[in-house]
Structure formats: structure tokens, C-alpha cells
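First chain A sits with chain B, and in the next complex the same chain sits with chain C.
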Partner chain A sequence: MNLSPTLAGHALARASLDACVKCGICETRCPVMAATPLFPGPKFVGPQAERFRQGLSVDRSLDYCSGCGTCTLVCPQGVKIAELNAQARAVMKAHHMPLRDRLLGRTVLMGKVMSPVAPLANAVLRLGPVRALADSVVGVARQAPLPVASVQSLGRWLAQRGRSRANGTEVSGPDDQTGCEPDAVGRESGAAKRGQVVFFHGCAGAYFEVETSIKAIEVLEYLGFEVLVPAQGCCGLAQQSNGLFKAASKSVLKLSRALRSAGPDLTIVSASGSCTGMLKHEARQIMGVDDPELADVSYRVRDIMEFLAELDAQGELPHSFQPVDATVPYHAPCQLKGQAMGLPALEVLSLIPGLTVTESGQACCGMAGTYGLKKEKYAIAQKVGAPVFEVFRQAGASLGLCDTETCRWQLRQGTAMRIEHPVALVHQAYGLGTCLATD
Partner chain B sequence: MSEVVVIGAGLGGLMAACELAGAGLPVRLISQGEGSLSLSNGTVDLLGYAPDLVWDPLSRINQIAPPHPYQVIGSDNVRRAVAALTSHLPDGYLVGQASQNQLVPTALGAWRPTALLPASLAPPQPKDQSRWLIVGFDRVKDFYPKLVAANLSRTKIPGGGRVTAIPVRIDLPDNPGLPGGDVSAMTVARAFDQPDFAAAVGRQLAQAAGQAEADAIGVPAVLGTAGHDAWRQVSQAAGRPVFEIGLVPPSPPGFRLNQLLLARARQLGVRLATGARVTGFQANQGRIVQLTTDAAGHGQTYEPTAVVYFPGGFESGAIAMDSTYNLAETLFDLPLAGLAPVSQLISPSYSPNQTIFQVGVQTDKAMRPLTDGGEPVYTNLYAGGGLLAGAIRWTEQSGEGIVLGSAMAAVRGLLDGIGQDLEPKLAAAHGRRTQLSSSHPGQTPNWTDGAP
Partner chain C sequence: MDEVRRLSAEVVVIGGGSTGCGVARDAAMRGFSTILVERADLAQGTSGRFHGLLHSGARYAVSDPESATECCVENRILKRIQPDAIEPTGGWFVALEGDGPDYSDKFLRAMERNGLPHEEVRLALARRLEPRLTRRAVQVISVDDAAVDGWALALGTVRSALEYGARVLRYTEVKGIGLTGGRTSTVHCRDRRSGEDFVIEAGFIINAAGPWVGRVATLLGIEDVTVEPAQGIMVAVSQRLVSRVLNRLRYPGDGDIMVPAQTVSIIGTTDAPASDPDRLVMPRDKIQQMLDCGEALVPGFRQARGLHCWVGARPLIRDDSVKPAETRKMRRGMFIFDHASRDGVEGMLSVAGGKLTTYRLMAQEVVDQMCLKLGSPRRCRTASEPVPPPPTDHFVAGQVTKPGAGAEAPEIEQPDWPISPAGRQRPTGPRHITDRLAEAESTRADDQIICECELVSRRALVSALRRHPDDSLDDLRRRLRIGMGPCQGGFCAARSAGIACQEDAWSAGQAVAALRLFLRNRWIGQQPLVYGELLKQIALDNWMLYGTLGLEQLPASQEVVL
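Up next, the complex of A and B:
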């Protein structure tokens, strides 16, 4: 497989190569290079090795790149280092793609299989012998944090709610163990006055992190939006990060069509930070998918916290937040930072009275999509995540915040804390029934 | 939203952002990647050569021959800027003073002047017959103790005499984080972040210095990636003054300084947007009213009340030359001074005097770029640092002085403008100014309280 003629994205990334002045800032920031000598660093496997590749592989150490994208983010010269690495890895793995990496890309399949039998599936995945088998045969690290399937998928919640609304018996919001009562006034303003938005839930938001999806939808509805949730599939991010570009391109194009089917020009909002990144950036910049439907979706999609921050910038976000007297640590995931929009979650959360948010200031939690699940990468991923775990533990809180799903799994395991999407605190502060953080 | 947008995350952008946020303004800092601080050695050079060696940079700044950025900036802004920078860093992090240069050894064994520097880089006052052990570590590249020691030993020091420098090489202790073969200075510095490792090397240094009867120890600048803890641990175990000698980029002392200023900016509430390049703007009635970036997807749009622009110079891509040798400022197309035929701007020799680096913008006292007619191009645009016309900063060793002084002048100009031409809302925010010194007790607030 020779990349140059097949990938438009590769031509673009390769064109940035000569802007590398070998300053090494990427090396000072690469979290994997800091954790293991097995990875010689983004400059070495990126702009330097690329000069010798001519479409072929020269160095297997490339596979230790986690794909977090920190190198591209910090490069002052605009070199697409992470993009080059991802493309080169796809070439390297083209003829011997591990079964494990193919499986990890099938996120919808996983959710569809697990969710209907969630208690059983979750229990099976907790079994030592099962994990030992998965470790030795498939190569998924036995200690790695795997998702917990939600008993109720988002689709079922939506369907059930639709039926209840039809016969006038509205169900309550997400089931919280802490059991805060929804604020009646909060519910009252749910009438759609501001038009429609499309909700993109992502695979995890449909089957594993369903509560986050529900809360995001309820916040949007509280703000007066009618939330449309068209039938939708996977964005293909996990396939992309594992080098399965062909399958990933197919997924992302199918998704683009599905999201556009809800209506033209509608804003698309997602609480899945990394999947939003796939639509905005990876599909186009790494895989070079040049398609008008994707370009349209890419332009219209907003991360939920980005959307709320935009509303606030326009003076359209109500500041009727109830106080949340707590100090909460927050980690901005690498794939969110890669969208170069700053940290909208911090801006929105700063509006909540009483709340202090401590940012981790670290590049990556180590998970980087599916990297931290892999047997040969697990220890590295834990080491990369250690400084984030440390910031979270030192905050002295029981709750921590992070915008993406697999990172939350990593942080839950690494800190033993409750880790939620930042929108959950917005949900709480608007009096919508969540009661997560209190001191 | 009323916010000041700072473009550029080098020393100037970080300083301006910290100062403005410290004064109570909402600040967003946008940068294409990280700034250049990690590439520097963290020293604060104000004026080293004019063209002869300068000992009193602050007083010489006002006498510098025109055209030069210092004529607009003035020594008062440089003095205030140095005080402000010090206030944003932990107590005692920087040593030295703006009014007096000191000499520090380079990785080639030359002496070079600087005004302030991180405490870990400051050698003891060199005296005739001082015995300095110059230590190389195995695997640390671009540092040759024999070369450093030989050059130091043969160079006269001020006041007469010479330092006696003794070279030695030390094998670093085994460490899982430190592989064999090709490692970077940052990788070695991370090993020094582990207290046991730092102490073990300190003991090796004590032994070597004892054998050489040395009274101070110079090492390559790899003593840790965060603050000066590792340097203190090494020094304590070595039992003698230990000082770092700066390396080629990326340099751990510059990285540490960058980390401290980034943390300070976060603490002051600066909103960081890293990885985006500002690619477009809109102006209305002589003011910048909108900026757009190339952020993923739809790009990002900001509506700044004022813009503080510290993007660097030609070397950073803020000034670019096209294929017909025309130079232009790449974002706002600001008028450039110092233009000449290319044969006069670029010398084919390896001379450091490439006058292309003198091309840049000219500003008023508030650091607002000026038109050829001498009027501000935009009334709410403030610029400085490497973008300014008139200096080849590395030949005169004035880089940090120009960038810090112009950041201070820009911040003061911007704050003076509040109430005159900025939005009332921003002025209201300014009224809620927070105490700049709150997190660094013992430091007096600087210019924000009662500028003359």
C-alpha cells in the first residue's frame, strides 16, 4: 500500500513536513516519550522518518505512538506530526492487522451485543478467567478498564420517553443514586422555543455512557431547544486510530448522511468529545476523506460544552445556576484539545457559583482512544495517566470531570473516583435532578 | 463577550496575558502551538552588546542608537517588566538585576552577559584561581566538558585572572527511564525529577569535586523538568555550589520557565486556546472587531475588545517573504519598516548581521502599530516582541528585554485606553481588578497600582 496517491490527507500532511525546524518542542510535550524509551518521539517517527518512507514503512517503533495528537497541537510551525504518524501506521499495519485491533474498532457491535444483556455482559467482563483469555488470545490487557454496558440504551430511553409523553406520563431524568429531586421550575422551561438541534450520541453515548447523553439532551431541552436524535451509527474513530481507514471512512460517511437526515443547517451537538473530533478533524486531516456531506457535518458539529460557551458568548445562556459548593478536578482529553477550541468546559463551569474547577494541565490520560486497552501498551498508558490520576486524587474530591468516554473509564480505574462529563454539573446547577457534587 | 485576545504564547504573550488577567481583565491567549520559551535557556537578556560588552543594560537602553525598539519602549518599561516577571514566578526563582549584567559560561566555554537568570544557571562570582569542575554526563549530547573547560580556562575574567576549569565525565546511574543510546536533554532531565537519582548524581559530583579540589561544579542544564527542586537536591548532595550550563534547544531551563508561566496564566484565569492559528480578522471604524482561527471543523470566532499581538518575527513566520522577495506581515498586513532590496536584507555570508531581521512594525508609545502617516493602524491593536523593527536581537542579546518591555508598554497602553476607547463593560471588569500579588506574598504589586 503506497499512501501518496490514495490519501488526500497524506499529501496535505506531507506538505507541512518541510516546516519542521527540528526545534524539539513536540518532544518536550509528548506524553508517551516521557513514559517509555520504546517510543523515540514524535519528531523522530514523524517528520524525520517520513522523509525516508516514500510510502513504505521504515520503523516499527511508530506503533508506540498513542495518537493523542499533542505533538501537532504544540508545534509552533504547523507541522501535522500526529497526522503523518497515523497515516504511516495505517501503512505499516495494512498487511497484518491484529484481530484485536479490528475488534476494538467495532464499538457499535460491542454495545449492541452487551446492552440487552448488560448485567450478564458486565459480569462476564469482570471474570478473571475471561479477561485472562482475552489477554492471552486477543491481546486486550487483563487489567485494562473496559466499559460497563448500561442496562437501558439511549434508544430505549428515548422510545420509552416518547411513549410516556404521548400518554402524558413523563419519565423522570437519569437515575441518580444520590436521588436529587428535579427542580419543578427547571422542568417548566422545557418548551422548545429556540428551534431544533441534532444530537449526535456516539457509540458509547448510546450503550455505555447513556446517562451523559440523557443529561446533555435534558440540558438542551431546558435551554429551549427541540432535540432531534436521528438513527445513527459509529463515527469510525476507533477504526481510524487502529489504522483501519477503509472501514472508518465508510462509517464516517454513513454517519454524516444519518446526521444530515434530521434537517439541513441544523447545529449538531454531541457530548462525545472524541467522536466530535473525528467529524471535525481526524476524518478529513488524517484519512483525507474529501466529501461534501462530511464537510457539512464537520462545519455544523459542536461539542456540548463548546455549544454552551457559544451561547454564553452571544448572551443567550441563562446564568440561573444553583450554587455547587465543591472543588472538582477536570481533565481535558487530548482529542478534545486537538480541536484547538480552547477549553469550553472550564468557561461554562466558571459560571456556576461556588464551584472551583482544577484543571489537570496534563496532555493525555494515557487511554488515547483504545491504546490503553492493548496488552503491550497498558503499562505505558498507566504511566502516562499517572500525573492526571495524581491531580485528581490530590483535589480531595469524590467527583472528577472529563469530556470523553474511554478517558472516563481510564480515570475511574486510575482514581477510584466518580468521573462524569462536565455537562452533568451543568445539569445539576440548572436543577434538573442530578446531585453529584456537594461538599 | 468582552475579552482581550492575546495572540502568541512566547514570553511576551504569556507576560501580557498574566498582567492583563492580574489587572482583572478577561483574557484569552491564542497560539499556534507552544511559544518559543522552551527553546531558550530561560535567561533574561536585556542588552548584552552595543556593540561592545554592556555592564549596565538598564541605563544603556535609553542611549541606544536609532532606529531601535528600545527608543519607543524605554528603560522604565523594561524595569517594570522585569519586576512583573519576577512577581509571576516563585520567590527567588530568578536572580540578578536589570541594572547590572553578569557573565555566565556557555556550552562552548565562552562567557556571555545576561541580566537575570534562573538561580540554577547562576555560577558563583568567577575569581582568579577559582577551581571549577566542568562535568559532562554520558549520553547528554552537545556538551563537551574538555571544550568548555579549555575555553573557560584560557579566557580572562573581568578584574583580571582566569578561572581554572577541570573537565570530567561521569556515567549517570542506571535508571529505567534513561535508556542507552540516543536520548534528549529532556529525557535526562526527567530522570533528575526523581529525588533518589538527583541525590545519587550529587554524591558522584561530591566525589569528583573532592578529587579535583574544586570549589564549584558546572553541569549541563538537565537538572529536572519542574522548578529548581532537582537542582537543590543535586547541590545539597554535592556539598558545593552547582550551576547549570545552557544547552541547545529544547532546553530544560526554558521548559521549566514556560511551565511556570503557563501555570501562572491558568491560575489567573487566562483562557488558553493552543493549537489554533489566527487566520482572519474583521475591522470596523479603525478597530479590530473579530478574529477567526483555523480550529478544526468550523473554525473559531472571537470578538475581542482589544488585541495584543506577540507572534514573533520573521523566524516565527509572522513576517514572511514571498517568491518575489516581498516581505509582509502575515495576519493584519501591517506596514513594515526597514524594507530594502533583498540583496541588502540577506547576506550570502554566515554573518549574524542579516538585516532582514530588522524589518518589522513601528509603533507608538502604547505599542500600537503605525501607518506610514504615523497614525495607529487599528486603535485597539497592540504589538511587540520580535515583530518590532530595528533590532537584530541575538547579536545584541536584547531579545527578552525587547519582548518583556514591549509587553509591559502594550499592557499599560491598553489599560490607559480603558475609559477612552474601550467598551464600558471591559472598564467595569477592570474596576474589579484582583490583587496581582495575592499568590506571591512578599512581592509588591507592580505598575497596576498607580503608574506615573
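Up next, the complex of A and C:
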């Protein structure tokens, strides 16, 4: 089979393999290679094996790659290792696609089905027999952390808020999700002094990690932005990482159009760290999606913490933070680091008086999107995540921070701690709510 | 004075290129006791220094229909008897804008006339199949070209010869040929590694020394075997840019063939007279010319990572109707010199000309003629009997040993699909670029990759070392492809030398000497391409080998290293 639908991206990555000097730096940083001998490693499955593939599926061991992208990030020669691997995986999946991987790509569907019946759906997913069935029939590891559907979707919260604002009353975020204290402080709603921004919530931000979306919106509004939330779908990342390039390309283009519909030239802000990466570079570099609308969105999209850090760099972020006297562990997800924007969460959190943030210093928590959910990868993902869990537990805090959704599921399960997006502490420090009680 | 060792054979073949190996196989199959002598390694000369093209005959359809037909027939025979050495990639003849319709018309007529299979490929389809092909392509005709590995071809032929009882003496130089009553009777040899002189009593001699065939004839005082070596330069880049052979659809000229050979792409070749086949040169402007020719067929060729360049000498026969400077117009066909009729020396035939593609036919014809002279006609069977497949002991069948028993959590050491013993059988049938990756995948749990670029396993290396303890690193390279990938031996050469010590095949001093020689030889073909990505590799390799390992300071063995 020829790799025709993805050739644009493939030619780009394939040309980069010429730059490999075999130094092995990628191997020393690959979290999966350190955890299992089943994965031949990024250098092997990337620039080395690619010379032998000719667009055919030959080596299934490449599927042990979690797609965390650490190899591409650390390669001093600029070899697109993770991209090559993702492309070869797509060819493999064209011949061998488990139903499970197809399902895991359908994130919107999962949210739409589960959210309206959240208590029931969550309860069902906690049932041993159900998980055993999912494990044996579908191949989702029975121990793997699954998302907890939010009772209230972001859409409903926005709609309700719109109604109550019209009535002159305010609602705050649902407190049963995170245990956060609701706060009674009113906001300067509607007083948009700094113009408009578009909020991109991602699938998880709409149905599972709704609290994070709400806090991000509230922080943006507190800063004086008018937050527009156009109707939007999935970025296709889960489909892409499972090798479904065609469907993923369709999703990302549709999303680009939706985000652009809110208005030209507006900054697009998201609290969904991995989906932001899909828009910024993965769709183009992995799948070769070459589209002006996507390019426009790529240029405009910002991770929420990146956006705040940029405001600060321009002297436009108010430092009116209330102290948070605590030490909190933080893990910068692989898919965030791949965006090559440094660690903006650390920059912004360092402005909060009293707060000490310890960084995990690890490449990946093991989840890498949907990798850690898969039956045959679960144990590897746990082993990859173990050093991160350890740093978090050692911190002696009740709260840990991480920017991406599935990583938070992984860390919640691995540490039994409460794990939030870093924006939650910004939200608290601006006096918009209490996420972490301190003495 | 010590008595020199004496061997004897009914047939002594001089030259271990594709033709000499083919002659040895053919003679041995016809029941002659046969010894082949080669002054270096098998297929180290012309048969290992070409672009890797198995001709379909199309290249010669217009200029030399006889060669074309021979190539067409032999192409099919070799695909059948030596599938392990051939990847049936297919080939295209591509006319570019400005090439003009002249040649294309002649070409199609000649292909028809000679019954050579061909088919016009629609441009839209051609672009889909070969996306890197230049947009300047205006006409594409597909033919039966293929990629062939000269070393695998010669080694396969020799395996067959050995099975029929032939002896093969590598690194053996012919120093003289003895005559008894106007008839050749002895071949005087020197083992270049041990320095030992010995004699082979020969019933008949076939001189198949390729470009050196004239030099062997001078040992008999025959000065006018006029082989006109023509040298051709080839350049390889480090990955396959096309998946089939591309030929320019125009009069044969420099740089008109690009071959996807194994994992690399080769552009070739130039054509210039060479006075001495031992002293071929690679002028820089010719290398630049080849890169330009590559760029013309595949835009971006110059940006691809240069890998290696080399020069080979074609053993063309001087044709007095062609001026010496115009070697390309000389006959590609074979030529047999009957030294009895032309020089009055019985008992020796010299064979030259021809092409790698027609090596089997050349062998058949020269052995036929020998049989006639010996009054012992025997039927040739080389076209119908396949050569034995490569040794299988590095494809050991059996249970897979599970890695990492002990500290590792057992549940994650199980792959989610079985590594079946069946998956590790030697691949049969035509070679494909994916073969070695598939093999590496099937043995990944219990073998180690030594040459990462070309996926050569430790087991394959150790097996070759045990079988051929006298092999140099370059000999192992020709056998296994170590050091032939992008890093050009920067990593695997030292690893291989270390393993040879570990396996007690070499002493430490021998290993150092072997490593130095190997790297020196690799450098010859790298040096003209030191730009871009290759430059970075060379810098890293030099830091490792000369900086960290201190290769120039290590004590080396004083023995002769070949």
C-alpha cells in the first residue's frame, strides 16, 4: 500500500531522516524504551527502519511508541522521529485497526453519550464486570484510568450562565467535580476592556474536564477579555495518534473553520494542552495537512498558560495575586513540551506569592493521549509514569498540577492526589475561587 | 629449497568477478574439477563497482540489439535462478522536456522489433507511483529492469560451484603461466595473505579477469588482448528516492540511470577511457556532474545525504572501428579470445566484454568452447538449476528466548502478537527492500543489531566470522553490508572488530589493523561527498574513532592486512 493520503507530511519527515547521525540521544530520553524491551526505540523505528519500509507495514513493534514526541524534541539534528513513527503507524493501522483504537478516537461521541447520564455512566464504568468486559472484548485495560463525565457539560454551563446573567444572577462552576469551594465574589462580567478572545475547549474540556474550562474562561474574563465560545468539535488528535489520518484530517479542518467563525485575527486560547499541539504543529507535520485555514488557526492559537505568560512579558498581566502558601508538584506533559514554548505554567505560577512549584523533570507520565488506556500498553504506561508519581507523592501536597486531560487522569490514579490544570491556582490567586485550602 | 605446494585441476579459472564465478560454476556443474583464483575478494572489482542495474535490454535496444536481446533473456533466467540477489523493481525510461521525440520513436520501434517487453505509463499514474520524479517528465515507458546485488550474485554463484566440488582461492595472485609444448600446463600463484607461492597443474585455463584480462594474457607473452577499460563513476545517496529504476529516454549518455539498490539510490555513470584498471580516479567535476544528473531526474537529489561514490572499470573490447575516446559506442557484447588460433597457445581461452546481466551466458559460451577444444561436449545446466540460497544459520529456527527475565515485570515483556518461529525462516523468492526489517522484527527479542543502518545482526556477523575467519572488514561488508549505510561504518566497524576479538577470530592487534584499513577504504568514497549531512556524520565518527578510541595510537598487528 502506498502512503498517498499522507505523502505531504511523510516526504517532509522522511527527508529529515538523512540528518540522523546515530548519536542515540533520542534513545537516552525515550521514556518507553527505558520501560520495556518490547519497543526497539525511537532511533530504530524512526530514521533506521524507515529506510526499509517503502510505504509498507513491516514492523509492528513500532506501535509500542507512545507518541510522546520526546525524541523529536531532543534530537540535536532535527530528525522528525516521532512524526516518522506516527506515519508508519498509520500505514500499519490501515491493515490492522483494532475496534478499540477506532473507539478511542471518538472523543466527542464518548462525551455526548456519557455527559447527559453522567452519574450513571460514571457508576457503570466503575463496575468491575463492565471493565473486565471492556478489557477482554475491546482491549481497554481494566485498571486504566477512565474519564469521569461531568454532570454539567461546558455548553450547559455557558447556556445557564447566559440565562442567569440575563436575570441578573450569577452562577459559579459546579463544585461537585473538584471539591473546590464555590466563591461568591462577583465578577466584572460583560466589562470587556481588552477585546475578544476565542476559547477552544477541546472534547475533554467540554464533557470531562469542564471545571478547567470554566476556570480558564473566568480568568480570561477577570483579565477583561470577552470570551467567545463558538460551537466546535474535536481536533482529531486521538484519531491521529491511533493512525486514523483521514478522519483526523477531516476533524482538524472542520475545527479550524469553527474556530475561525468567531471572528478574524482573534487570539484563540485553550486549556487543552495536547489539542493545542494538534492545531499548532501535529496536523501539519505528522499528517501533512496543508490548509490555509489550519495555518491561520495554528498561528493564532495559544495555550492558556502561554497566553498568560505572553501577557506578563508585555507587562499586561496584573500581579494582584493573593498568596498561596503551598508547595505543589507540577508535570509538564510531553505533548506540551513538543510545542517548543518552554514551560509557561512555571513562569506564571512563579508570580504567585508563597507558592513553590516542583517540576517532575520527567519526559512523560506514560499516558501520552490514549496509550496508557490500552490493555497491552497499560503496564508499560504505569512504569513510564512511576517516576512522575514518585515526585508527586514526595512533594507531600494534596494537589498536583498538569496541563493535559488524560495525563491528569493518569496522575490522579497513580498518586491518589487531586490533580488540576495550573490555571486553577491562577484562578484561586486572583480570588475567583478556592482550589487549594491553605493555612 | 622447499618443495612448493602443488594443486591440480582440470580447469583453472582466473578472476573471481561475476564472469569468473559463473565459469567456475558452469565448469564444475559439467563435471570438471575446477579451481578459481582471485587476487582479492570475490566481486571486488567491476562486479562490485557498478550501479546495481540488472538490465532488461532496453538500454541497448537502439545501439546494440544483440546485447539487448541477450540481456532480456538473461534477466529472466537470473530472476529465476538467483532470486536472492535480485529485487524485481521494474524500470522506466523517462523522456524529459527538451529531449525531443527522435530517440523515443527509435526506441519504441527497436523495442517492438526485438520483442522487448515495454509499456507506456500515463503521466498522471507515473507521478502517483514515483512522486519524486521530475515534473519535466513528458513520456514514461516501463520495462523489465531490476536491481541486482553484485556481491550476492557472485556469492550465490560460488555457493553453487562449491556444491559441485569447485575450489575457490581468494587473495591469490597469478604470477605466471607455465607452458609445456605450446600448451598451458601450470598456473603459478601467490597467496597474498600468507605470502606462500604454489603451483596449480591446470588441464585448461579460462582467463576471466575482466579489465585485467589483457594483463593475464601478457603472462604468456601475448600483448594484444586489447581490453579497453572504460571507467564509470557512481554516486549513492542514503535512502531510496525512487522505487524503480529510472533511465533517461535518450541516446545512452553520462548519468542516465538511477537505481534503487537495496536501501540507497545510485546515479550512474560516466564513461572515460582508463589506461590502468588499478588506478581509477574520481575527478570532482565528474562527481558534480553525476549529482546534476540525479537532480535532473529527481529534483532534490542534491539535498539528499551523499553516502558514497565509487568508480568501476568496464572490460570493453577494443573495436578498431571506434576511436579510443568513444568507448560508449563500443560493443557491450562479449568476446572470446581463442589463444590457439590467434596466438598459437593451446589450453587457454580469455573472455571479456559483456555485462554483469549476461555473466551466465558468457560463462556458458566460454565453457562450451572449452568443451569443444577438449573434445568433451557436455551440456550446460546453469540456466535451469537455481543456485543454493544463502546460508541459513543466522536465521536460526526454534524457540524465542524471552528477554529480561528477572527484574522486569513479566506482563510487560510479552509482545501482544506472537513472534513465530515461522517468521524467522529465511525469506525465499525475490528480494524486497523490506526483507531485512522484517527479519530484524522477527528476531528482535533475541538478537542484537550491530550495524544499525543496514540492520545486520550479531548472529549474522558471528556466523560469517566463524565461516570465514580470514575475512577482512571489507570482505564482511560485501557479505553482510556492514558499514554500507548512512554512518559508513562509523559505529558498526568498531563494534564488528570488537566482536571479532570477543569471538577469538582476531587478535586485538589484528582488529585494530583491520579497523584502520576499513576506515581508510571507506574514506576514499566519502571524501568527495563531504557536504551537508554527511559532513556532520564524519565529524561525529572522527571524534569517536580517533578522539575517544584513539585509533591511530592503538598498537596494531604488523601482519599484512588485505
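Note that the second predicted complex is superposed on the first by the 417 of 439 C-alpha atoms of A that agree within 3 Å, B and C clash if a C-alpha of one lies under 4 Å from a C-alpha of the other, contacts with A are read in each partner's own complex, and residues count from 1 in each chain.
Throughout what follows, a residue touches a chain if its C-beta (ideal position, glycine included) is under 8 Å from a C-beta of that chain, and two chains touch if they have at least 3 such contacts.
Model, not experiment: these values are computed from the prediction.
Enquirer: Which partner does A:L346 contact after superposing on A: first (chain B), second (chain C), both, neither?
Expert: First partner only, chain B.
Enquirer: Is A:A15 contacted by the first partner chain B, the second partner chain C, both or neither?
Expert: In the superposition, A:A15 touches chain C alone.
Enquirer: Of the two partner chains, chain B (first) and chain C (second), which one does A:A379 touch, if any: first, second, both, or neither?
Expert: Second partner only, chain C.
Enquirer: Report for A:F52: first if it touches chain B alone, second if chain C alone, otherwise both or neither.
Expert: In the superposition, A:F52 touches chain C alone.
Enquirer: So in the superposed three-chain picture, is A:S61 touching just chain B, just chain C, both, or none of them (first/second/both/neither)?
Expert: The second partner, chain C, only.
Enquirer: Of the partners chain B and chain C, which touch A:G41 in the superposed model: first, second, both, neither?
Expert: Touch partner of A:G41: chain B, not chain C.
Enquirer: Under the stated touch criterion, which partner chain does A:H201 make contact with: chain B (first), chain C (second), both, or neither?
Expert: Touch partners of A:H201: none, neither chain B nor chain C.
Enquirer: For chain A, which residues lie in the overlap of the chain B contacts and the chain C contacts?
Expert: Residues 23, 37, 40, 77 of chain A touch both chain B and chain C.
Enquirer: Where on chain B is chain A touching in the complex?
Expert: Counting only chain B, the residues touching chain A are 1, 28, 30-36, 38-39, 177-179, 182-184, 186-187, 190, 249-250, 255, 262-263, 266, 269, 271-277, 293-298, 300, 303, 316-317.
Enquirer: Provide the residue numbers of chain A that touch chain B in the complex, in ascending order.
Expert: For chain A paired with chain B, touching residues are 23-25, 27-29, 33-34, 37, 40-41, 72-78, 276-277, 279-281, 285, 298-302, 312-313, 337-343, 346-347, 350, 359, 361.
Enquirer: With touch defined as at the start, can you tell me which chain C residues reach chain A in the complex?
Expert: Residues in contact with chain A: 128-129, 131-132, 238-240, 243, 263, 300, 303-305, 403-404, 408-409, 411-413, 415-417, 433-434, 436-438, 440-441, 444-445, 449, 452-453, 455, 485-487, 490-491, 533, 536-537, 540.
Enquirer: Which residues of chain A touch chain C in the complex?
Expert: Against chain C, chain A makes touches at 2, 4, 7, 11, 14-15, 17-23, 35-38, 40, 43-44, 48-54, 56, 58-61, 77, 376, 379-380, 383.
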